[in-house]
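As structure tokens, the structure follows; a few thoughts come after it.
The letters A, B, C, D and E name the chains in turn, as written, and every chain counts its residues from 1.
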Amino acid sequence: MLGSGILQGLAVTAKNFLGSYHDPARYTTVEYPEVKQQLPEAFRNFPFLVTENATDPMGTLRCVACQICEKECPPQCIFIEKSKDKKPDANGKLQIYPVVFAIDTSVCMSCQICVEVCPFDAIKMDQVYEIATTDRFDALLLNREQLAKPNEYFHQIHPTEAAEVDARLAADRKAAEEKAKAAAAAKAALPAKPAPAPVAKPAVVPPPTAPQSPGPAA
Amino acid sequence: MIATLPPAESWLERFPLLVRDWITGHLPESLGWLAVSLLAIVVILAAFGLLFAYLTLAERKILGRIQNRPGPNRTGWFGLLQPFADGIKAVTKEDVVPREADAVLHFLAPVLLVAMSLLGLAVIPFGRHLLAANLEAGVLYFFAAGAATELAVFMAGWASHNKYSLLAAMRALAQLISYELPLLLSVVPVVMLAGSLSTTHIVDAQGGWTFGWIPHWHVLTPWGFAGFVMFMIAALAESNRSPFDLPEAESELIAGHLTEYSGFKYALFFMAEYFGMCGLSAMAVTLFLGGWQAPCAFLEFIPSYVWFTAKLLTLLLGFIWIRATLPRLRMDQLTRLAWKFLVPLTLLNLANAAFWSLSAGWSGPMHWVRWAIALTVVVGPFLLLGRALTAGVAPRTYRYA
Amino acid sequence: METPEQIRDRLLARFPGAQVTVVVNGSPSAQHSLLVDAAHGREMAGFLRDDPVLKLDQCSNVTGVDWPEKEVVETRKTTVPDPAGGTPKIIEEKSKRIEPGCLEVVYHLFSVALRHGPVVLRMRTGNRTDAVTLPSLTPVWRSCEFQEREVFDLFGVKFDGHPDLRRILMWDAFKDHPMRKDYVEPDDYEWEPTPHGDVLAKAKKHFPAPAAPAAAPTPPTATA
Amino acid sequence: MNLTFALIAFLILASAVLAATRRDLIHSALLLVGNWLGVAFFYLWAGAEFVAFAQALVYVGAISMVVLFAVLLTRRMRTELPLLVATRDRVVSAVLGGAAVFGVLAVAVLRTPLDTNPAKPAGSVSMLSLGQQLMGPQAAAVLIVGVLLTVSLLGAVVLASSDADGKEGAP
Amino acid sequence: MQDLSPGGAHVRAVHDEFHGDLLEVSMGPHHPSTHGVFRMVVTLDGERIVKLKPVFGYLHRNHEKLGEGTSYLGSMPYTDRLDYLCSMTNNWAYAVAVEKLAGLTVPERAEYVRVILAELTRLLNHTCLAGFLMQDCGCSGTPLMYAFREREKILDLFESLSGSRMMCNYQRFGGCRVDPPADWLARAQTLVDGYTAFLDEFEALLTGNEIVMARTQGVGCMSAALAVSAGVTGPALRATGVAHDLRKVDGYGVYPRFNFRVPLGAHGDVYDRYMIRVLEMRESVGILQQALAGLPGGPIMNPAAKLRGFRPKAGEAYGRIEGPKGEIGFYLISDGSPNPWRYRVRPPSFINLTILEDMCLGHTVADAVIILGSVDIVLGEVDR
């Protein structure tokens, strides 16, 4: 019959009209400013630098300015300047630290490749999306101080990932201590040998190029 | 005006008359007719102005709800101030007139369109005593007032001096002219059966109920229902609404003949469209749905103007519902639908109404024969012409590799 | 599906005057290609399309490749027998040779009818400056029309026999061909807060004053 | 003379004069439509409602479209129409033609006895009597007009379709 | 065979017999129904289209020159920006090409996850296409809103897996970046189970609708020979009756393990292209059910694959998959350095537009809008 398709269509729209009053599946609007949508844990938007504790952010920065992320970032929006001197990091080893670590958030596309390639878990993805500013230049160029956020914040936004990272770091720290203890024990075991044997160079700063295989959670 | 007041009127029914007499009481007798007509004009403008305002809001909210979203709810409580916000926006927006545009025609088009669509409301009986102008040829007056809309649309399209507006003006004319015919032809049976061109007579002809609850509305007769459906289809086309909103089809010619309009003139065009829609729906209610007649005898206590408003609102919601569902017809399909489908069917409907009035006297078994004949004359040609119209068009089955 | 070698032999048999060589592909994908000379390009393409065994009726992909001049250092080792009967000495002569560059167009042909492919066809222009015309394969496969226009637009290869050879992506007034390796970007440098590498050089050229964005660099008020 | 009558007469005459003198064809066409509307008001004033609404419906609704389409399809619409040189014999023939037409009309108007009483004529004609009159003695005239209109409609359709056959390519 | 090129006899025949003065209308680049910045210079004789010149390049970012400037991994997030509706299939096509170039194998679980994500993207793209097409036909937003309601559910799945709704950057060479957790798979299962109900409601609204059928049947017909010769791929090709679906032809990934059918049209008009996509969605739901059921355990990433310092041997490779819009392929030439020597994208939308003029000749402006809508183009992929 000529009009049957049209009537069927009208029936569908009527069902949706009535459904929108009682069936939550047919009323999908989230009224943004009042009701904030619950973000999934894996949501990523703009990176941030992880610091061990909140009290002294610049002191306990995990980043060692190895500039891997600067090279690997597709739109080249990270700018790092190494420090001349060294400073002990979380587990006591002397590390270089970045004097300047600037990310231009007008260029960054939150693709999280920097997080993937960072061997020191120093940079992670944040979940901020309300960061509109009126200035085109300075406000979008986040320097080291604005980027640094404590590890607790990392646990807040990415709980599972943060737990895995901490577990892995703790395991590395324990392995580093055993190696140091073993080296100390070995040195103590042969004090009688004359000293002229050339002293093994102190543990050179682990070359940053040894990439850890990206853990399943990275 | 109305000679005598029927005695068994509830005071609610006569309430508008009391108000009118109270107001005209203050003025000297000689200015009486002027005061009454001015009052009628003010009431109609106020009522239909508010109806237009809240019709735009209702349209956006219903469209929203159908599309699983709330519709405007930010301005005022549940978005009730949205029409006034739109109004202020329309007024404050700059009214850009293109340099080569024909300023006189460019200005005159929306004004003419709104004036013509408002004029038509004068003859519609909103209630037992609510009638602005009781003309003997009320229906003819309504369509005479509506005839100038084509002129206004052409002026809008031509004055904008713009390629798109010119094309759209031509389309609009073709559409309005080809749908004027079925619109008028579907009204002729009603005038023939009611025996008069005056709207009050037509509404009175639909009074009374059989078995107390089946009203004598024209829509409940076979020819009346067919006439009503065709009148509504033609009304959709006349007011450029959903399946026929070709002139300002966004997907093709931007805003059609409205491209060069902005600010309040643009709002005027929409006001004219909505008044046209209200006018045609009001006429449909008067002609087919028994105007202000109550559907059943025991519901008579509810005042007549309430019934009229209820029917008018259901028709308008039908317009919005159709707009939310149906896609747009192409230009040639639209005119083919008018000339090859609606015009023949309305002519047949005329013959059917003639048979219906001649066979009024049949009673007993002949009563059912009369209904059977009338129904076949409605349904038969509809199916035949329908098959001819949708010759090459059918749902298809698909093979799989 | 035939191996590239078999196809080459049949092509040479079919078109005696043509040169067809197989270009070996080093990657494990082993998609070796047929280098065809420009003169007989279109006849061979027609043959590949109409041949009942191959029936390559879909040219899926047309790509332009730019091979600029390359300085090839060849070391030829010659063993000179020591007149005194000692161990023969190996003299290495390094000879520098400038390999002429060319613009290359690669066609990936597939058969929708027989469901096999890809047969990779390559054509090379004489050089990168003036002899840059190649026969257009649009009359053989209609899909080459837009893709050849793109190769013309971005690489500058002129296709004779193309029904409508115009620029497709860049605007008509654009002069150079951007995908060539020696393409010089227009100097429309805008201020970038974190310039480094070659962008840093450009930044220094335009805004000499601030050395490096130690502190957040204030954009220079004086426009460059 | 009655004020409204004078107003309506002025509207009709003004729009007619303006229509004749306007340079822009579309403006003159629209003024012509204004003229017809004036005539409709005149009928209303004279009390013949049916004729007034019929006039408005037919002239302002339909015939205005015919005029506008005719104006549109002439080629050089907006540019100045090339004014022919007002040679002497053209002017003379124009004046003579005009005078002849005016003379005939003037004689007709003066000879017919008009009831110039400004008051409304006795009782406006009721719709019912008009209908019976049309269907009764005047039925032949109505049928002839109907046949004439149908023939013209069919003629238009044949003309239009023959033009369409020229480039049949509709999907 | 009929000379089908634009200058050919068939097309010139239509040009020559027009008469009367022509009206040249430029639709786009800023036009509500050209799906992005795409412009058609249309020459009209009254209502009928006599000539149609597509104009591209408004969104041209020279994606391929960027690809030559960054490492292989660096280009992966840029592939999301090609066809920004289907980022998962773009990623997969690039990953397949690089894996073919470097000879990397992909673990079982990653292949299954790739199939699941590709079929979800196909559902998303075809639903959106049906919504946009009906929007061009004139429905005031209702089918589009229903389509977007379902699309949001799929995008929520992508967001909770890869971190971003549309710019997923999820595939790597030799596997995937993140292993989908159990609750994600459960949510995916509920979505797939509810999808056929949505499809039935969607078809009830549109497929039987007389106005939709009248507007789309017999409009923009494409012959099978012309389609194959013009390199048209995807649902538009299958609508002309040519059984060419890379999932069956190449049998890449683990598609041979699933049994699914490939719907074929007969007329190659707009209605067929719409119906083929709706039927393909039903097949995709079938594939998803089988893939979710048969998802094996094991690693998500090939341990041998190196993330940084990835230098494939000198050579070239052309990898292609059946994207929702057609055959999307990547042609890579490597010279042994970490950056590719030549990085070429085979864009299905761009090539499907080759015969837009042939389809639109003789139709009206309203049809041209629908024909363009049914070809399903996304300007990010057309202009690259």
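Just so it is clear, contacts are C-beta pairs under 8 Å (C-beta built on N, C-alpha and C of every residue); 3 or more make two chains touch, one makes a residue touch a chain.
All figures in this text were calculated on a predicted structure; none of them were measured in a lab.
In a view that ignores chain D, the other chains are joined by touching into one piece.
Contact with chain A and chain E alike is made by B, C. Of all chains displayed, E has the C-alpha centre closest to the centre of the whole protein C-alpha set. When you average the Cα atoms of each chain and compare centres, the chain farthest from chain C turns out to be D.
When chain centres are defined as mean Cα coordinates, D lies farthest from chain A. For this pair, chain B with chain E, the centres built from the Cα atoms lie 45 Å apart. With centres taken as mean Cα positions, chain D sits 29 Å from chain B. Averaging Cα coordinates per chain places chain A and chain B 63 Å apart.
For the pair chain A and chain D, the distance between mean C-alpha positions equals 83 Å.
For chain C, the set of residues that touch two or more other chains is empty. Those residues of chain B in touch with two or more other chains are numbered 66-69, 324-326, 332, 390.
Residues of chain D in contact with at least two other chains: none. Those residues of chain B whose C-beta lies close enough to touch chain E in the complex are 63, 66-69, 163-164, 167, 242-243, 245, 249-254, 323-333, 390, 392-396, 398-401.
Residue ranges on chain E touching chain B, taken from their complex, read 23, 25, 31-33, 47, 134-142, 145-146, 149, 205, 207-215, 217-218, 243, 245, 248, 261-266, 271-272, 275-276, 279, 364-367, 369. The residues of chain B lying in touch with chain D in their complex are 102, 104-105, 135-137, 140-141, 143-145, 147-148, 150-151, 154-155, 158, 173, 177, 180, 196-198, 332.
Taken together, the chain C residues at the contact with chain A in this complex read 191-197, 199, 212-214, 216-219.
The residues of chain A lying in touch with chain C in their complex are 70, 76-79, 81, 99-100, 102-104, 106-107, 137-138, 140-141, 143.
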